[in-house]
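You will see subunit A twice below: alongside subunit B first, and alongside subunit C after that.
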Partner chain A sequence: MPDKKEKFEQLAKVIEELKDQPGALMPVMQHAQNIFGCVSLDVQKAIAEGLGVTLSEVYGVATFYSQFKLKPAGKYVISVCLGTACYVKGSQKILDKLSEELKIPVGDTTDDGLFTLNATRCLGACGLAPVMTINEEVYGRLTPDAIPGILAKYTE
Partner chain B sequence: MEIYRAHVLCCGGTGCTSSGSAQIIARFEEKIKEAGLDKEVKVVRTGCFGLCEAGPVVIVYPEGTFYSRVKVENVDEIVSEHLLKGRPVQHLVYTDHATQEQDASKSLDEIGFYKHQKRIALRNCGVIDPENIDEYLAFDGYKALEKALTKMTREEVIDEILKSGLRGRGGGGFPTGLKWKFTYNSPGPVKYVACNADEGDPGAFMDRSVLEGDPHSVLEAMAIAGYAIGANEGYIYVRAEYPIAVKRLEVAIKQAHEYGLLGENIFDSGFSFDIKIRLGAGAFVCGEETALMRSIEGKRGEPIPRPPFPAVKGLFAKPTMLNNVETYANVPQIILHGSEWFSSIGTEKSKGTKVFALGGKINNTGLVEVPMGTTLRTIIYDIGGGCPNGKKFKAVQTGGPSGGCLPAELLDTPVDYDNLIAAGSMMGSGGMIVMDEDNCMVDIARFFLEFTVDESCGKCTPCRVGTRRMLEILNRIVEGKGEMEDLDKLEELAKNIKATALCGLGQTAPNPVLSTLKFFRNEYIAHIRDHKCPAHHCKALLEYVIDPEKCRGCTACARACPGGAIEGKLKEAHHIDPAKCLKCGQCIEKCKFGAISRK
Partner chain C sequence: MENMINLTIDGVQVSAPAGSTVLEAARLANIHIPTLCYLKDVNQIGACRVCVVDVGARALQAACVYPVSEGMVVKTNTPAVRAARKTVVELLLSIHDRKCLSCVRNNNCELQDLCRDLGIEDDNRFAGKMNQYEIDDASPCVVRNNNKCVLCRRCVAACAKQNVGVIGPVRRGFNSAIESPWQVKLAQTGCVGCGQCIVACPVGALKEKDSINAVDALLASGKHVVVQPAPAVRAALGEEFGLPIGTSVTGKMVAAMRRLGFSKVFDTDFGADLTILEEGTELVQRLTNKGVLPMITSCSPGWIKYCETYNADFLPNLSSCKSPHEMLGAVVKSYYAEKMGIDPKDIAVVSVMPCTAKKFEARREELSNAGLQDVDEVLTTRELARMIRRAGIDFASLPDEDFDSLLGESTGAGVIFGATGGVMEAALRFAYEAVTKKELKEVEFHAVRGLDGVKEAEVDLDGTKLHVAVAHGTGNAQKLLDSVRSGEKKYEFIEIMCCPGGCVTGGGQPIVKADVRAGVNVSALRAKALYGEDEGKALRKSQDNAELKVLYSEYLDEPGSHKAHHLLHTTYHARDKYEGIQ
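Then we have the complex of A and B:
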């Protein structure tokens, strides 16, 4: 894993590449999130300086869009689809069960940094509703019963 | 191009990829090579076939044998039986829900799901490899652009689109030709073409499937639009949550450049056009056109009042023409086959077809494209196969968070822009969610309102505060704490928000509440007056009971109960203590004798 300094160097390179194109702020922030896993305050400061915009502008964009995370996420990010097709097939129960098992509310990360629990919109796999993803892995046709078994695969 | 005697089409759409189609494709390639067939049989990874419910989907041509729910383990059998010996593998052939038929000789068009469809926007999805421009070219790809650039004037192109009657598929239904004309008429050396691929409806995936299955059709259409209105640059605003779509767009743009179909002096016409991708970052309001343009500029995606309209002052303050993905996907076909052909399909005021993402309590979940004017009943029953498990249909929701829920009495409504509005819903971008007797309509209204409250950008008060008030009332009702006056309050608030919110998000946010109040008022009243949820969905109003006649005392429920609410001795009838019950529903799932029910 690259250390923090290397990551900031990577960010500086991205800024250098993109800074002259119109509307560069969002693409730079998207790259930054890929590099750091989130856009924390120090990252926002670096972006503001690099692009010559105010910190409040960067902060405004970071908080407006749900994609941007201000805190790093857990090792496994669980995203439960609360799109309409999944919702009518009971995905709220899946989310409730996960929240109960992990003992965290939606949007939070477990203390050991292992799991982050999110709700998302249609994942494009409505045929498998209700659906959730854990990192890249997709789990479909879920029932609350299946949750403990699935989580166990990641805690071992 | 090489000639193959057979093609194995494997769906690489999001649905099938989620259920393992990548491994299936890899296995096919490996096994075909092992069998020495790799010069005779070609494996093609396509976009979504539409029938995602049956995924992962594999079709073997020339026979057109349709295999469904294929597993990696089945690949060997398909290769050894079908590809080597020419015998379709009967037990893997798709079973038609309506007829329960499993007929290997039936081609796609004969299957109930496809029979009533007409694929224009989806014509290449599930047919070509979206990452290979040669396949798009083999299906008349970029011929429309060539025709426009070499044989038509800019005015003729606009006129053709105008006469076709094409209307915006992003929800509003604005005549596309008019929009092109307005932007054409805006003076200025620099103009932009933009594509809305933000797909905000939380239960829909039409645009995603077009981008994943046929990205070139959108690029081609944007270039045609650029020529017509006088723009040399295009932007596609696509959700970052659609990684496959983004990647295929990138591949497609690169290939189009290599073939000289984007870039400088296309078809020696002197016209140059380039397309850039911008990623959205998860804000529903950014689907609104003015907000989308702010977002491309790298700002917070807040709407601004119109006028000025984007056609006059849009992206980077230049005249900009924004269309939806599906709108664009129709354009090359209109240019190629003419406006008369296109306008012969559909109803008087809604021409062509519409793609719907059919989901929820329906047998054939997936993507369907039907001529405008097809009835809801045809879509839900003939194509969708009705509700699963013999449950009773209750409502169909169209238009996503801006739309409404229509009851069974309205199933014979022919679907078009005007009919759906008259019925109390709207076309929207194409989400179509079916609900059965187990879905609570008050809760569905609450679900959509929670979404809009969450997504309101907060710029104007009616939307920011008004929708929140409505949500609070709905939350009270589903908890059994509502009052009859709440219904009037909801209607009053709805009226105000609709009249005064700044953008479409706020103006349409009350629709799900209004339509359910109109068609399912009984359910609201049951929650408020009788403290009952007729669908047995709302937790606070539920009671779990064990029927002592049916209970065999197997103790399965008591062991599953997290609240320790179930008492009873082995082989004796059990009983639930309502004070301890958490209403989690786990006991019902565990009881093999159907002794537990919700009341």
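Then we have the complex of A and C:
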């Protein structure tokens, strides 16, 4: 794993390569997200300074596209399936319950860096609907009531 | 001869220069197309769709960005066009906090105008969920209320044009809003407080931080409250009372201030003359002692904060002079207090400025003396107008009155401070005589007048060549500074004003609606009023100001004296634009 300093050196190289092409901001941000896993404040400042654009501009793009993350992903990434089968089986309620329990909106990461909550398309386990995964672990036939118990396994 | 394009708009034959938009062509034919996000020379992005017209294409097109072409047939008033515009405005209203009665822009709002002109019958046609935004009033200059924002982006464009860019659109869809990055308040950003966003806003989403309540409290406190208006205020205040743009209302303004209950009405123009003596002397000293050059003017607090935040390497170039109203405040609380036998603690100074950045400046710790701020409160021109209306004063029928003596006299040099190039011209009128010891016969320096972004001139001071430059708007200033930094340009003296057009079009001035701004040059008209005042003055050089001579002979000794330095000069410090964003 490269350390922080090396990552910023990598970013500087990317900026140097792309800065003279029109519309460089988006590709630079994509590279940055690949390098750092997110476009955090420090990364956005470096991009703004490197490209000679304002932080407002970088932040505006970062919050416009859901693909960009402002925080690194949590230790446990929760993906709730909103595919057709899961959805008719009530996966929205599962997602809402998770959002409520973790006190974050969908797409966000808890302040302690433990959980990231995502909604996904079909996971291919429709027989188990509604389904979610936490990292590699699959949880099926979920009910909202089961959520606190499952989360507790990861917070202990 | 320009390449002209012929088209038909609503059956009228129009000939417009190639490259014109349909909106511009319609204006030539006196056909009014409503707009909202459009602000000439600032924001032309076709975002709001209020200006849609039928150009014969499959879909309606935004007139503000659609280019004219030969033989084009445009219809601006079909049932489909009217219906589309109406729906656009109705949708905007569905996310707009419609508390018009308590809005600072009531009766001066472009959204209200649209509702009236488009015949909106139901202001709640698309009733539904609304976002609730916290009002950001942490800045001493600008208050943002996103509940009233229509997302037109005029403020964003104005801020970007100033090369500051601390606001922008964030998030998307229903959740999009104009905010500073990372959800910080404006006060935590590198905002310079210029208020150009306020005068760009079509609605009440942006306004100055209120100082009327604080001034009311001062007037009720029993203190000796002195008021002083900046040069540019007199060139615009009349607009608030229905007078044409460019009407000078100096005498009525003074009369109104007296009727509002201020103890003395002094003139920031006197402070401007004082500034010229101090700054001009500083320039001559820097020239003779090989000091840091070019020297750059320091009157504009937006420019000062811009320099501190974005160009700190130029801080040694800034004149150490306080700005004119701060100088006058310092003199009021020292010389004037002594002369009148009033304890400075019992004196309050209120400045009326064309500027919102002055509200921040007045709070700078270094602009004080013996623990007292030089200036206590700053009102914008708009706030003064509100106080006059509230007091039931019939402005147009007021008599012309004179400023109070002691610190009320001014020369033409002080008056023109409000126009871009004015401080430079005033300083040259002084520097010429200071350097050559000869009388300056032709006082007008036309090379530094006008509205070019950057003006340059070579001035001959009887053999000594002075290279000067003038920039207005920090966007233009940045280009000028970059050319100096790279060594490409060399000057001895530079004037920089933060706001495009100088103080006459400062962020605290009466708001001129977009459709008026599209037709007239507001800066030029207001500046003309100031140059007219200058021409009408018997004395046109700061060094001829009689009351100023008394101030020096009785109190300050001479320009640049130890006492003058203590009272009238200041220091600056570098700021980190990201300091508040952690």
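Just so it is clear, the second predicted complex is superposed on the first by the 84 of 156 C-alpha atoms of A that agree within 3 Å, B and C clash if a C-alpha of one lies under 4 Å from a C-alpha of the other, contacts with A are read in each partner's own complex, and residues count from 1 in each chain.
FYI, a contact is a pair of C-beta atoms (placed from the backbone, for glycine too) under 8 Å apart; a residue touches a chain by one contact, two chains touch by 3 or more.
What you see is a predicted model, and the numbers here were worked out from it, not measured in a lab.
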item	value
Contacts of A:V58 with subunit B and subunit C, given as first, second, both or neither	second
Contacts of A:G149 with subunit B and subunit C, given as first, second, both or neither	neither
Partner chain(s) touched by A:M26 [first = subunit B, second = subunit C, both, neither]	first
First, second, both or neither for A:P105, with subunit B first and subunit C second	neither
Contacts of A:Q44 with subunit B and subunit C, given as first, second, both or neither	second
Dominant contact partner of subunit A by residue count, subunit C or subunit B	B
Intersection of subunit A interface sets (partners subunit B, subunit C)	57, 60, 64
For the subunit B and subunit A complex, residues of the former touching the latter	13-15, 17-19, 52-55, 201-205, 208-209, 240-242, 278-283, 295-302, 316, 357, 359-361, 365-366, 397, 400, 431, 433-435, 439, 444, 447-448, 457, 584-586, 589
Subunit C contact footprint on subunit A (complex, rising order)	41, 44-45, 54-60, 63-64
Complex contact set, residues of subunit C against subunit A	156, 160, 165-172, 176, 180-182, 578, 581-582
Contacting residues of subunit A [partner subunit B, same complex]	22-27, 29-30, 57, 60-61, 64-68, 82-89, 93, 120-129, 131, 138, 140, 143-145
